[in-house]
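For reference, the structures are reproduced in the following blocks.
Here come two complexes built around subunit A, the first alongside subunit B, the second alongside subunit C.
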Partner chain A sequence: MPQDLYILAILDGLSYAALLFLVALGMTLVFGVMNIVNMAHGSFYALGGYMAATLGLWATSQGLSPAWSLLILPLAAVIIGVVFGGLMETSLMQRIYSKDPILQLLVTFSAFMIFEDFQRLVWGTQPYFVSDIVNYLGTTEVLGITYTRYQLMLLPGVALAVFIALRSFLKFSSVGRQIIAVSHNREVSTALGINVKRISLFTFMVGSMLGALAGALASPTVSWVPGIGGEMIVLSFAVVATAGLGQIEGALVAAILIGLARSFAVYLMPEVEVLVPYLIMVLVLLFRPQGLFSVAQARRV
Partner chain B sequence: MKMSLLSRSVIAATALAISALGMTGALAQSKPAELKVGITTFLSGPASVFGVPAKAAAELYIEQLNAAGGINGVKIVPTYIDEGVGADKLLSEYRRVVQETDTKVMLASISSGNCNIIAPVAEDLKVLNIMWDCGTEKVLEDKRYKYVVRTQANATTEMVATVLYLLKTKPDLKSIAVMNQDYAWGRDSWELFRNTLLALKPDVTISAELFPKFGATDYSTEISRLQALRPDVILSTSWGGDLDTFVRQAAQRGLMKTSLFVLPLAESSLERLGTTLPDGVIVGSRGDHYFLHPEHKTDAKLNNFVKKFKEKTGSYPIYSVYHMVQGLDGLVAGYNKAIKANKGQWPTPEQVAEAMRGMEFRGLTNTVKIREDGQGLEDQLLGITKKTAAYNFPTLEKIIVYPADLITTPVGQKSPEWVKTIKPELLNNPRIKQFN
Partner chain C sequence: MSKPKIVVIILTLLALLLPLALPWLKTPLILGTAFGIAALGISILIISGQISFGHALFVCVGGYAVAFTVRKWTHMDSALLLVVGTAVGAVIGAIVGSFVVRYRGIFFGMLNLALSMVLFAVLGKFFNVTGGTDGLRLERSPFFGFNMERDAFETVLLITCVVLALLLGWLVQRYLRSVAGQALSAIKTNETRLEYVGISAYQALLIGYIISAALGGLSGALFAIAQGLVTPEMGYWVRSGEIVFVAILGGVGHPVGAFIGAGIFEFVKLFAAAYLTGAWQMVLGFVLIAMVFLAPRGISALLEDKKHKEGA
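Right after this comes the complex of A and B.
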């Protein structure tokens, strides 16, 4: 493999990892605080994309400049996170926090299926896409290969910004510290006067928002079709499991690892591309069943 | 006492049900009040981009047929089954519709995988099964069926036509790369395409064979690799959201400027992709259906249907829609032929299946002939995209229509071997019709 191609593979891997990281981040955050693997997380990814496409179509019909997408995409994520995340937390999640993990899985999985049908009901079965922003930002040449600036700079940039913002939010803000406290022990946090119910709702909304943000950011380059959320659950679960459930830095590293491995596979052994994320997951879990970054027992956000 | 009363009534009910069954069996020859037809189509999952428009077409066309008196006065009553539920569940639904609602005619299915599992079951249940959209050539080449027919072409016909069109458009091509979905169709269509291409032009280099996951959403690595390789031609038999996504990402990154794209299923994406699809892309339609078909664009039947379909759904028909209409037209033609052969009596499904072999009928475009092995001979239309002022999506120019019998594996032979024997003379066959 010529040296140039290494650079290309790294660039492709990073832009893929960026989206993967955002989805996995939401999932791992929710797990860290509530101790629930939310199978419906992929639905937020799908809903975020649909909402972004709908808002984008509306903006185009109003004759707004594509630059507005930079505002519309996060807006779509916030709407989905607050409305659907909020709805799911208050109506479903609150009832199952203390229940058996198997039941939790089943309940969130049924929520996933309900959301799937809801998407078909609202958006139908034909693919959606609004890609004005990608063309608006233009392309850049790297070693004779054309890249869109959107995937080369915007996606990794947003992912990195979100990571730093979330990290400092958890570390320095009062709400963030409460979240960490709840993730360590719900009962003790309640005894300390933290409104655990409110913190759970807030965390779940933020987690859903992150999933929706990844969907919104992916929507300008992907044709949005029914069933798109299912793919994402499996992949992001592979990232989260590789990193260790509840690990934020771990999710970043695992997403990059899987993203790079996948893009190198396309160059070197295209046949195994599909397998790569799961191979990595299996390898890691064989030797470290708790994931790469989990420290046994002490769970952190 | 109570138990035995219950069990006695169960026995009585069963006996009644059995005698009722026997009666319908005995009366099968007399004209029924209605003809029940089961139709499998994707109403969920990614392939619903084909299945949902096809269902709309079935509703529209059956209404039209019934308004015109149905089949010899018998109205068609459809039951729809979702193919998106997975093979096992589909099969039990299929059996349920056949056995519980006494349906003797089925139109199944879109997915080749589903056709492969349904064909033997149809044979077992003795129901007429019209394979109305699936493309796998293997199902009718590997086994002979009595009750199973196909009202459209198979993958071989489609891929050979595509190779011929490619060699006509770019006779000097030196390298080709493929990017297909990683499942049966993606793999099988490439095998047929590659064998045909190498038989006609042995010196072509295959630069890359990429099979990303079915339903993949990010092709940037594949696109970078293709840009680095710069093959003359890039083939993709992908469809639906996968094809749309690939085309968009490739167009956004200028890949479509450096390589000639060959997209044999893109007729079904033209309207959705709109202006994203550049000029100069080779597009196929899995048949000769196209609303601007050069030989039929002024035809009343085609125009009338296109207009009604557009009113109902807001879109132009795509190939699955034409295939649905073709399946229904084939069914009607088969019944009419069987009724005639049966001296005006209502035929059994077996007689219809028999009558359909050797029959010629017309859907919305060119006539289709059904061979003795049940395989339909459906002509193939390909063209090159060109944006015009008349539509807000590209239409096809430089259309060529290939007669199906020239490019379909003869009865009794296997496609992967037969395509290797195709000779370059086929390229200049005078029956191939070129339009502008």
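Right after this comes the complex of A and C.
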């Protein structure tokens, strides 16, 4: 494999890892606070993409410059996160905190089924592909490889910015610290006067928003078809499990690891490309069941 | 007679008599029963407090085992094919189970999910062997030594399904009442105490896992024979979710639950496909959410609660 291909694989891997990271970040944040793995998280990814495509088409029909996409993409994520994330938290998640973990998983699975058909009813089954922004930002050359600026700079840039913003938000802001407190212990947080209900709603909205943001950002680069959320949820599982549930820094490393491994597989062994994320996850869990970056918890007697 | 038993009899009669009036119901009934058998398998795991979002792996394995066997030996009897599917399911279950059962809770679910996705991806990619995403077609093979037309074949298959469902339901109930089965529910309540009693949780769960994998394999074999087609879709994680869905909907307290759940699932699917085109998943989603809030232990638990009140 010539050197060019190596660079290409690295660039592909990084831009893909940026998206994976955003989705996984939302999922791991929600898990950290609520202790529930949201099986419908992939639906937010799909909805974010659809919403961005719809807004993008509308913007084009209004004759707006593609530069507006830079505003439209995050706007789509915010709409999906607040409306659908908020709806799901208030109508479902709030009512299942005290239930059997199996039932919790199933409720989010039903939400996934509902969202899946909702997408089909609203956006139909035809593919959507609104890529004006990618063309608008143009291409650039890295070490002799021509690459779109959108994937080279914007995607990893946004992912990094979100990572830093979220970290400092959790560390330094009052709401952020309350979120950390709730993730450690719900009851004690309530006793300390934290409005756990509101924190949960807020966290879930932010988590959904991150999933939707990844979808919105991914939509100009691939054509958006039904079923895309179902695929993403498994991949984001793989990242989250590899990193360790609730590990934010870990998710970044795991996303880069899986993103790079997958893109190298695309060029070296295309047959196993789809397998790579799962193989990495299985291997990691075999040797470190709690994930790469978690500390093992003592079993309760 | 207890209520679950009455329901078993009603379900059996419905499954056997309804097709006399409405012949088109035969295929949905076969598929529903096959689905119920897979759900019966997963209910064993749910009793131990573990949930597998990858159990369609074994359905898929059973189906492909049948497809490959028919391709090699064209006139293999369907009854033998069912045995092949079950055996392959059990063997793969033993291999996968030997390391998966060391994990609990969400990790158990995720590892199963990942492994089923590995199989799904492999089946879709290696076109030469597996037919890729189009899957493999298989010829209708003889049943109990007779070559039959489609209609007669389906009738025999339906009767086989119902007999198998009754037999397996009874066997699973026996198993769950045995020491090995009781150990499973102890894994859910308190694993450490179970170990103090001197029973290996690993072994207990492994046995349960192999049985549930064998049931999955059988279910896959039935699907393959009934449809004459196997596709990687059989192993997609959403299918696994549907099996769990069916098991919880019907309730894991009594084996009949799996078949009640499967019946409702197929009915809603048929009904919604006819009247609400393209929204059957949505309907099922709402049904399941309603279930979780109104009757979290499933429909079969409703039957048993009433029995207790009557003091029977």
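We adopt the following convention: the second predicted complex is superposed on the first by the 291 of 301 C-alpha atoms of A that agree within 3 Å, B and C clash if a C-alpha of one lies under 4 Å from a C-alpha of the other, contacts with A are read in each partner's own complex, and residues count from 1 in each chain.
Rule of thumb we're sticking to: contacts are C-beta pairs under 8 Å (C-beta built on N, C-alpha and C of every residue); 3 or more make two chains touch, one makes a residue touch a chain.
Since we're looking at a predicted model, the values are computed, not measured.
When both complexes are superposed on subunit A, subunit B and subunit C clash.
Once chain A of one complex is fitted onto chain A of the other, the partner contacts of A:R120 extend to both subunit B and subunit C. After overlaying the two complexes on the shared chain, residue contacts for A:S110 are found with subunit C alone; subunit B is out of touch.
In the superposition on chain A, A:R186 contacts neither subunit B nor subunit C. Contacts of A:H41 after superposition: neither subunit B nor subunit C is touched. Using the contact criterion defined above for the overlaid structures, shared-chain residue A:V274 touches subunit B and also reaches subunit C. None of the stretches 41-49, 95-103, 131-139 or 293-301 of subunit B clash with subunit C in the superposition except 95-103. In the superposition on the C-alpha atoms of chain A, the part of subunit A touched by subunit B in one complex and by subunit C in the other spans residues 120, 271, 274.
Subunit A contributes residues 37, 39, 92, 95-96, 99-103, 105-107, 109-114, 116-118, 120-121, 230, 234, 237-238, 241, 245, 271-272, 274-275, 278-279, 281-282, 285-286, 289-290, 299, 301 to its touches with subunit C in the complex. Every residue of subunit C that touches subunit A in the complex is listed here, in rising order: 46, 49, 51, 53, 99, 102-103, 105-107, 109-111, 113-115, 117-118, 121-122, 124-126, 190-192, 236-238, 241, 244-245, 248, 278-282, 284-286, 288-289, 292-293, 296.
The part of subunit B that touches subunit A in the complex is made up of residues 43-46, 48-49, 51-52, 182, 208-213, 215-218, 220-222, 224-225, 227-228, 240-242, 244-245, 248-249, 252-255, 272, 276. Across the complex, subunit B is touched by residues 4-5, 8-9, 11-13, 15-16, 19, 120, 124-127, 129, 131, 134-135, 139, 144-148, 151, 218, 221-228, 231, 262-263, 266-267, 270-271, 273-274 of subunit A.
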